[in-house]
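Pasting in a structure now, in structure tokens, and then I'll have a few things to ask.
Every chain is named by a letter (A, B and C) in the order it is written, and numbering of its residues begins at 1.
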């Protein structure tokens, strides 16, 4: 990279550009993680804030550390509810990501193969739902999936179901999958489309010219070249789905265990801040590896 | 395009005058990027009103050298003097140089007029003066009717002219041109080359141009510096560079040339005949070569012998005098270039020599064709001994 | 052609999947019946109900204020962050900085929300309007940074060099050359930030306090109580606003595009 002139290198004001966002992110994004970690080691208390010990300056720092322990983490490992919630979150995120790929890939491919003149319109149609509220989009499904909802009415009307039968997927994992796939589809399609769209069309012509049939050319040329898009899309979906709260809360049932929902309940329902913090720390640990992969990938793209 | 030719050019060669003071001086300039040395302890003088070219392949350090003069890079070592004043630490916006960028770098959000006025506004000139200068510049590059257009609304050639006008508007003491004609097609490029020379001559400015196009450098320059790997190989006028390259690299870089590896067999003033200029005798794998040249080589040295194809005569008839500067072979391939035909002749020992012949008459029947056995000859002053 | 028909089928199905729920939602907001699923005739009744719901209107006002403020702050900070990412290839802590910009994009909202809340509690800041604004600024600035970064990466640096070469000092160069040229990216960054702020339930729930209930929080609590056409009405209005915004933007860009193409034609003809 060419550097600009010596004068701008030495201008101290120039470093404000770095310092301002750096300090902001450090204070409001990075520092809170240390606090989460600290509080996850504290005990619940009936007070405001509802945990003890609170940090009261450096005079009592010895006492402060003496009172910290791993009790919350121990509790998390002992109660199968939490372990199951973790495993269930990862399972739901994994299956959803797979479903998203299965639906998103053909869609992105079809978009990339469409005429160049309509591609921007298709692209906008994918983005448009993204601009409408997440909550609204999940809410829209409640009316459809409810036992007396529109899906039941539709199936009864076309005779798939008898007049007394109902679609019983509301408040089950199936409803959660539908909600997740619906909400995250644009996030999957866009990176896939970006990878497929910039692919050189003459590559497939060359493959065909060299005697490769279209389906083979797809697996040998198109798919391997779109892999960066596949990985980006999968990570962009998998990581937030693991911690998803709104969808399992509104569409899932009592047996739908997801760690985001558990954290929410511990925090808002049971007001157990230390335990909620411990849940958050463990969730973060589970996601460190995918997040690091995601960042490395973004850096490569940048 | 109507050509209004400027005044007839006079002979201009301040570099031969020992009393002349250089306008720009690069003094022991080194530029390093980590371990990579882009410019290596380079010293170079450029004189006022000179049209000077830095010529070399990409990565030879020519652009770096120009960017150091403009102030976008600082030399790792050495200093740059402009009219005797050290430019170290002077930021680009305070240097009396202006640059025409390879990409033109026209501000896309400003009209042609605003682009040209930009530099003048930075100096805080009165509005009326700016308007007058902009008009003058538009006239100079013949774009008067395009003042209100945005760069996107111009053709490539027009953009090039706007870029030129913008960089000239401030009357810089030195104009730097980075591959100024690289993006133009061949015909437009040739026309523009002459326009550039005209403008330079009329305004009496110093032009420093960076290019990888040897023809362009030959056409426009007073002097050329041929660069390779951060070093200057030769600084000379276009004619000298072409006729008397100082090394195999320069000889090979400029134009087409035959280079034969030889051993010196004799180097004496009278090795040919008494009363003749100094000459060198060489032996190249059985081929005897004599060159009229005064050079410091000793018997037994390995040197290169270079001769341009157009100086090699090709004939079906055996010359009267064989011995020196005569080769014999079979026509291996023929390249028809329109004005010239180039014959690739395979010598008896397998080496290929090229000979070019002007096509003076229309191609009705070609006397020399594939497979013909031909004789190649060249005069004593056609070739050159290269020691580097 | 066969593959073309296959592609068309896939696109139709996928877009139907994406749009039918939203269309149904909009249609049922005009339902006269109290039941969401039974059509009782066309009516604007639920819009009147919504309009007279003061809590809802207050929440909408809070959301708009939070959105404008955090999007603006986030755009300034995000643009600076993008400049840092692109223009400062080496400085101590760059890797950590890159991490802090990219991580919030995928970080589960429950974690971001909880960590912010605990920070505000530790700092003894009363929760409310400002804490939500700060929280929203923090996560939206990262989205802005990504949008602006991708524009800066394709930005031709020689434009800035040309300006400096013509005598323009660096800071002035930024404001006269760089900023006007990356402005479209900054504007779309702002719109993205505003929408994200408008949309957020989880982070706002953690960081809000008395008197600063945002619209998503309000909608969420009503949805938990039961589905009513009133919610459909609010949602329809929100969807309508966003759709209008997106369509207006795309028409403006399309016009600019058409003008550019026409200009280029002119340029080629008028050499």
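Annotations
Simple rule for what comes next: a residue touches a chain if its C-beta (ideal position, glycine included) is under 8 Å from a C-beta of that chain, and two chains touch if they have at least 3 such contacts.
It should be emphasised that the depicted structure is a prediction, and the values quoted were computed from it without experimental measurement.
Using mean Cα coordinates as chain centres, the one most removed from subunit A is B. In this view the innermost chain, defined by its CA centroid being closest to the centroid of all protein CA atoms, is C.
In terms of their C-alpha centroids, the spacing between subunit B and subunit C amounts to 55 Å.
Subunit A and subunit C have CA centres that are 17 Å apart.
One simple way to say how far apart two chains are is to compare their mean CA positions; for subunit A and subunit B this gives 60 Å. Residue positions of subunit A touching 2 or more other chains, listed in rising order: 2, 4-5, 7-8. Multi-chain contact residues, meaning those touching two or more other chains, occur in subunit B at positions 71-72, 91-92. Residues of subunit C in contact with two or more other chains: 161, 164, 170.
By the touch criterion stated above, subunit C contacts subunit A in their complex at residues 3-4, 6-8, 10-11, 14-15, 17-19, 21-22, 24-25, 28, 36-37, 77-78, 80-81, 83-85, 87-89, 91, 93, 96-112, 114-116, 118-119, 121-122, 134-135, 137-138, 141-142, 145, 149-150, 153, 157, 160-161, 164, 170-171, 195, 198-199, 201-202, 205-206, 216, 219-220, 223, 227, 231, 235, 238-239, 242-243, 245-246, 250. Of all the residues in subunit C, the ones that touch subunit B in their complex are 156, 158-159, 161-170, 177, 180-181, 260, 263-264, 266-268, 270-271.
The touching residues of subunit A, counted against subunit C in their complex, run 1-2, 4-5, 7-8, 11, 13-14, 17-18, 20-22, 24-33, 35-36, 39, 49, 55, 103, 106-107, 109-111, 113-114, 122, 124-129, 131-137, 139-144, 146, 148-150, 153, 182, 185-186, 214, 235-236, 239-240, 242-246, 250, 260, 263-264, 267-268, 273, 276-277, 280, 283-284, 287, 290-291, 294-295, 298-299, 302.
Looking at the complex, you find that subunit B touches subunit C at residues 70-72, 91-95, 97-99, 101-103, 105-109, 118-119, 122-123, 149-150, 152-155, 157-158, 166-167, 170.
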